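Below are two complexes that have subunit A in common, paired first with subunit B and then with subunit C.
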Partner chain A sequence: MTATTIMPEARSASATLRRNFWRGVWRVMKRKPSRMAGVVIMAGFAFMGVFGPMFYPEHLPRDTSALYAPPSWAHPFGTDFEGTDVLALVITGSRYVLLTGLVTAVITVVLGAGIGLFAGFRRGRWDSVLMRITDMKLTIPGLPLMLVLSTIWKFTSAIEMGLVLGLLGWGGVARAVRSQTLSLRERGFVEAARGLGLSTPHIIGRELLPSMAPYIAMNMLIAVTGAVYAQVGLFFLGVLPFEANNWGVMLNLAVFGGGALTTTAALPYLLAPLLAILLLTLGIVLVVDAMDEIFNPRLREE
Partner chain B sequence: MKRVAAVVSLLSLAAVTVTACSSTSTGGSSAGGGVFTTIDGFKPGLDVNGPINPWNPKGNMFQGYNAMKLGWKKNHLTDPNQFYPGIAASWEIAPDNSSITLHLQPNNKWSDGTPVTAEDVKLSIALAYTQGSTAFSVDPGAAGAASDVEIIDDHTVKISQDMSNPSVTFVRGVMDSFVVPAHIWKDAVPANFWDTLKAARGEGAEAEKARAEITAQADKVLAFAPAKDVSAGPFTLERMNPGEALLVKNKNFYNAANVGPDQVKLLNYTGNEQIWNYLISGKLDNAPFTAVPADVMKRIGQTPGNAVVKGFSPVSVAMAFNQSKKPYDNVHVRRGLAYLINRDEITKIASPEGGTPALTTTGIHQKPAEAWLGSELSELEPYKLDVAKAEKEFKEAGLKKTGGKWTLPDGKPWKFTINVPAPFSDWVSAAKAVTSQLNEAGVSAEVLTSADYPLYLSELAAGKYDVGFWLVALGPAPYNIYQRLYGASNGWSILGGKIKHSAPGKDGNWMGSPETIDVKGVGKVNPGELTGKLNTAPESEQKAIISQLAKAANQDLPVIQLWDYVNTQFINTNRFTGFPENESDLLRETSGVWIQLGMIKKK
Partner chain C sequence: MTLIGVPGRSGVIAVARRLAGHLARGLVMILVVTTISFLIIRNIPGDPMAAKYEKLVEQGMSPEAAQQAVNVLYGFMPTGSMWEQYLDYMKGLARFDLGQSLNVPGTGVGTVLMSAAKWTLIPVLAGTLLSFLVGIILGVYAAIKRQSKVGDLLAISGSLLHGLPQYVLALLLAAIFTTLIPILPAGGTADIMFEPGFNAGYIGSLIQHATLPVVTYALSSYGGWILAMKSSVVTVLGDDFILAAELRGMKRSIIFRYIARNAILPLFTILALSLGMLFGGAIFIERIFNYPGLGLMLIDSITGRDYALMGGAFLLITVAIIIANIAADLLYTVIDPRVRSGGEAA
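And then the complex of A and B:
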């Protein structure tokens, strides 16, 4: 690539870099079509979460003469216990699930990365205090705590749910980011930045963070899947408030109300939310795979 | 997952099924009478370490098999005092209900060979006092409690009722008592128990102390664990593992000659799905009431030998209002809601196999309602689906409809929130269907679930909910039926034979009905006082009281009755015969009772 080697002036150089980055992204994507599929899936879920519910009326229509109806053109995943289209339930229910995932991921990453960076860069007393807090947090078992919390807190909004899951999930990220920071802060470029008298926020924000951004971004995506599993699990156990279109509630009602594990009538009702979770996970895994290569020069060179 | 069946059985209204097991299952030991395989509806989740103690909820004594009561309730439609013989072979009830004289089975022995005597009964009553039962209670306010236990001879015991605060349920309370061997259990209560009990019946500090002393024994009795099972029932517990309990025939049982099976196997289960799978594989010949989806029902029916028997179950489910909360204090709002709920559809969605839509709200299951009310039943308002009538009622209540949605009289949005315990899938489905119907009619409605049933009940009692699902019509005793509507949860309690009313929000009054209701064609009535009267009124007067209460409930709607449970049980006739027929009153007892009465025979 000649463009990268010429570098006539700073502005065009950064534009070229950006262009090259996107070219690199495109190349990585093209190399494995599955990665494209991952992006399409994730875009599809994002669309579904944002716009999906707008395609349906506030209260989904029911057909009480077709309870647990088998799949058909009108109802690709059949109907539920009161004759509501299962696909409509999955689509309208995606907003809560995805919003929770997003809130959890943001909180996990912001808290985890912030605490990790700060502790790793400052070291000393701050490091000890923050890492002890992190260790303590890591010892708290998430699911049992959520089970107890759910008896007093109804988690009616996705943001509340995401907040709690996020607050329970940042420990691992903080630990990993701290160790990365500890390693990076001894490198030459950080030494150089310090020698130039650059401020701590500059060093953390401009020197350290970009090196760790890919790792943090991947963790964020993985946190989304973790949050989806956790909340769907809690709803499945029946400890959280009832929302007919919540994926976990759908699984619960299909198994315990419809006997989906015993007979076939409620099977589509069980499979639809399961498939949605599976697809979402698949999309995230494929995108993380692509990101890994984009950000890891060693993989890119191959 | 727990289930409604569990509630029903806790209320001792469900019956358990006996299932014949294949002869291969216990290594040839089934020769002769064979092995029955069943589940105990009272014991979801067997506990290998549970004590052999009938009072302990985790105890390994199974009603009708190795746990015996004085008699077994028939739960007759209208007469609560009919029983099948248990430890007592026969009994005489004084005409004024003041006493019952029990004649024990003459040749009954415990499984270790010791005869069953009046002493065993007396000690068992002492043990029951520590746990507090209907008839054996030291609570000074308890109606229908025993005042004296007298041993007439080795096989005769007379139990008298405290007539200062009587109840027609006294006899039922006595008969519904477990009997355990005195020679094993004698150390579970102190030797001076009866003196303490006498002191506890008085008044003042001394009596208070004595009462505390007796109730303090409760935990000790619950924890009492005999080393081995000594039973006067048809079976004794042989061994247990986490998957099943094996019981073998008790040769000393009074009716041992007629006991069909040699062994009974009780399988462990923790949720309905396990029971469905047992039934589909043909393991169970008979299972107690279990909520079953229509498709699973079909699948169970395909297994050779499986059949369904149905009978009466004195339980209905209703939606109860907290009238301390607006707008549910307004009867027109409650009536309007009743007109918007399609009970046929709710039942079809939530309990297609185990329920029939309630005819209307009377507070009574429709079968005894027919017996008690006769033609008056058809004169009551049926609250059939009628949107126009609902609108009229809502308007009368001052509610306003703006933009297709009903709002409160002051124009603020109205959110109708129904609470249900999450583990009861049929209630959850029903609540969801109710909200769907209401939403379609412009009433903004939602379902909220509680993590488990005990938590649900405590929050309901604390007045935290606007509307919640509530079991009603728990018969057959009329007092028991109506105390679900006009009892302690609605402010009326009986204290020292007198009815006392507590204001809404106090003493467990979460329903908050008005103290008097002007009932059309009857006049002003105090439903709590009328309910209290059912405790003492002779049968001839009960009918008139029930008629007034049914009218009051139908007009005032403290609850909206949704469906009446049907006791749907499964049997498998491949290996055993002699099961109760449809509508048999024995369907309300465990299959252990069927066996001990000599009905079940090997095919």
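And then the complex of A and C:
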């Protein structure tokens, strides 16, 4: 009898909480229009990555009479060395870039949070072994390691690229999650949960993880930008074979093929992917800034 | 009890113990990195070593002589078990023998690396120090004026530049100053019309060519310095001794000196860490401005299949970082008395 009367109350209480949360999100968004712009930009990129390539044929049309054409209505960012529309290249190339970013972010966060939580919660020998490994990973510079690795493994597909970047990139998240775990596990609510004899998976999943979730989510977004920079950089340097079109390949061809740093003709071809990277960064930074304020009440300027 | 800046005997022992621990850990790290390097060179598809060996035998060389030649090239024998090859490689490294460069025939990898190192060290050092100075000064200013528009703008400029990847900055600067307004050279170290040596024309050309690489490096690291210094100053501003100094009616200039001196301490550790990036921190910049430093050499050795050189460049870049890490931690021990006393004060 009591159970049935309590249940609806609890449900309505959590519904109110949720409504308040979304109202808070809306308030944070409204205060700075730039944050709204961030969400719009990110949604735009997501749309571009998922649906963008569908608007174009598999082999982009070439206009051999207009190589390195200047920007015009037909070609807003001009054309490349084969007469292909640069805007079309940016849009079709975005799927590769964003998919890699997503794969990297998921691997980074799952590995980083998993290892950090495990090390911080268990402490002792496992903790010191895992943290030694993490330190080592953080010390070895990522870019030279990836360059050298590219000689034995041509990780060109989006999934492989995401895998490599994710496996090399979890160190920072693991360190941060571990130190948060170490401080949270001494707090009253965790001690209470342990006193109640709740299982370790319950404590980690229901008590620790929710308080760290916003932080982890922000890290995930930051990992996306890191992955985009790293893969575009690797393709730009030209150590990996070009299989699919993406922004890094465009930059490489514009600079080392088209001589964009000596003639102005190839400049739009160089600037278009750079602009895309900058815009994506801007969107993510603005969204992270909004999330920071939503989840960190101390930052709210009320 | 020790005076600040003068470690007592217990402090010295603590520093020595930390040093020993760090050196041991550094050696393990170097072992790991050399092993990675060996495994990668050994597992390159197509087995360049075996190919070279067979080619030499085909050319009429005796198997022993061919083995010797390949050993000289890569630093280990192409035959024998994996373990023997590994030990061979490590023995060579212990004698600082990194093998021979394939694309610069007859030259040791070490010599090739040293000739490239100066083109990385000097510009990156200049860029680091420039950005450190500017970042520190503007960081203090941004922290003090953090409620005003100027402070906001400085902090935003820092976050923006800190977030941008190096190649985006380098490409933008190159597009502006070599393509749109061609006032600076697009690449190389100096114009070939000048005789290398100590003459005004050559030095002027050197400086002109180094401007864009140095400025790019400085801009891309400036953001980190201004943000770190700002947050360090803000932390110090909240300390009790600043409040006490204000309450005692001290002069603003003296308080400012207190703040700056305490806030800059943690920055020196970061400076030591960033010096570790001296060798490998400018890979994109060197590729874009065609500057013949270690980064460009690493990329060229990969695309030119000069694997001994690749391994050497990779080792040099990583070992520098490992050493800088140890140095940074020791520096931290020396300048922060709380760490130095090894926890006995706590």
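By definition in this document, the second predicted complex is superposed on the first by the 291 of 302 C-alpha atoms of A that agree within 3 Å, B and C clash if a C-alpha of one lies under 4 Å from a C-alpha of the other, contacts with A are read in each partner's own complex, and residues count from 1 in each chain.
By our rule, a residue touches a chain if its C-beta (ideal position, glycine included) is under 8 Å from a C-beta of that chain, and two chains touch if they have at least 3 such contacts.
Only a predicted model underlies this, so the values are computations on that prediction, with no experimental measurement involved.
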Practice prompt. Name the contact category of A:110: first (subunit B only), second (subunit C only), both, or neither.
Written response: neither
Worksheet item: Where does A:81 make contact in the superposed view: on subunit B (first), on subunit C (second), on both, or on neither?
Response: first
Worksheet item: A:255 contacts which: subunit B (first), subunit C (second), both, neither?
Response: both
Worksheet item: Touching A:151 in the superposition: subunit B (first), subunit C (second), both, neither?
Response: both
Worksheet item: Given the touch rule stated above, what does A:176 touch, subunit B (first), subunit C (second), both, or neither?
Response: neither
Worksheet item: Is A:263 in contact with subunit B, with subunit C, with both, or with neither (first, second, both, neither)?
Response: both
Practice prompt. Would you check which partner chain A:218 touches, where first means subunit B only, second means subunit C only, and both and neither mean what they say?
Written response: neither
Discussion item. Output check: A:274 vs subunit B and subunit C. Expected answer is one of first, second, both, neither. What do you get?
Written reply: second
Worksheet item: Regarding the shared-chain residue A:239, is it in contact with subunit B (first), subunit C (second), both, or neither?
Response: both
Worksheet entry | subunit B and subunit C contact sites that coincide on subunit A, given as residue numbers | 147, 150-151, 238-239, 255, 261-264
Discussion item. Considering only the defined contacts, which subunit A positions touch subunit C in the complex?
Written reply: 136, 139-141, 143-145, 147-152, 225, 229, 232-233, 236-239, 251, 255, 260-264, 267, 270-271, 274, 277-278, 281, 285
Discussion item. For the complex, give me every residue of subunit B touching subunit A.
Written reply: 1, 271-273, 276-277, 280, 292-296, 298-299, 345, 348-349, 420, 422-423, 425-426, 428-429, 431-433, 436, 439-440, 447-449, 451, 455
Worksheet entry | Complex interface listing, subunit C residues touching subunit A | 29, 32-33, 36-37, 40, 43-45, 159, 163-165, 167-168, 171-172, 174-175, 178-180, 186-187, 277, 280, 283-284, 287-288, 298-299, 302-303, 307, 310-311, 313-314, 317-318, 321-322, 325
Worksheet item: Considering the complex alone, what residue numbers of subunit A touch subunit B?
Response: 58-59, 62, 64, 67-68, 81-82, 147, 150-151, 154, 238-242, 244, 252-253, 255-259, 261-266
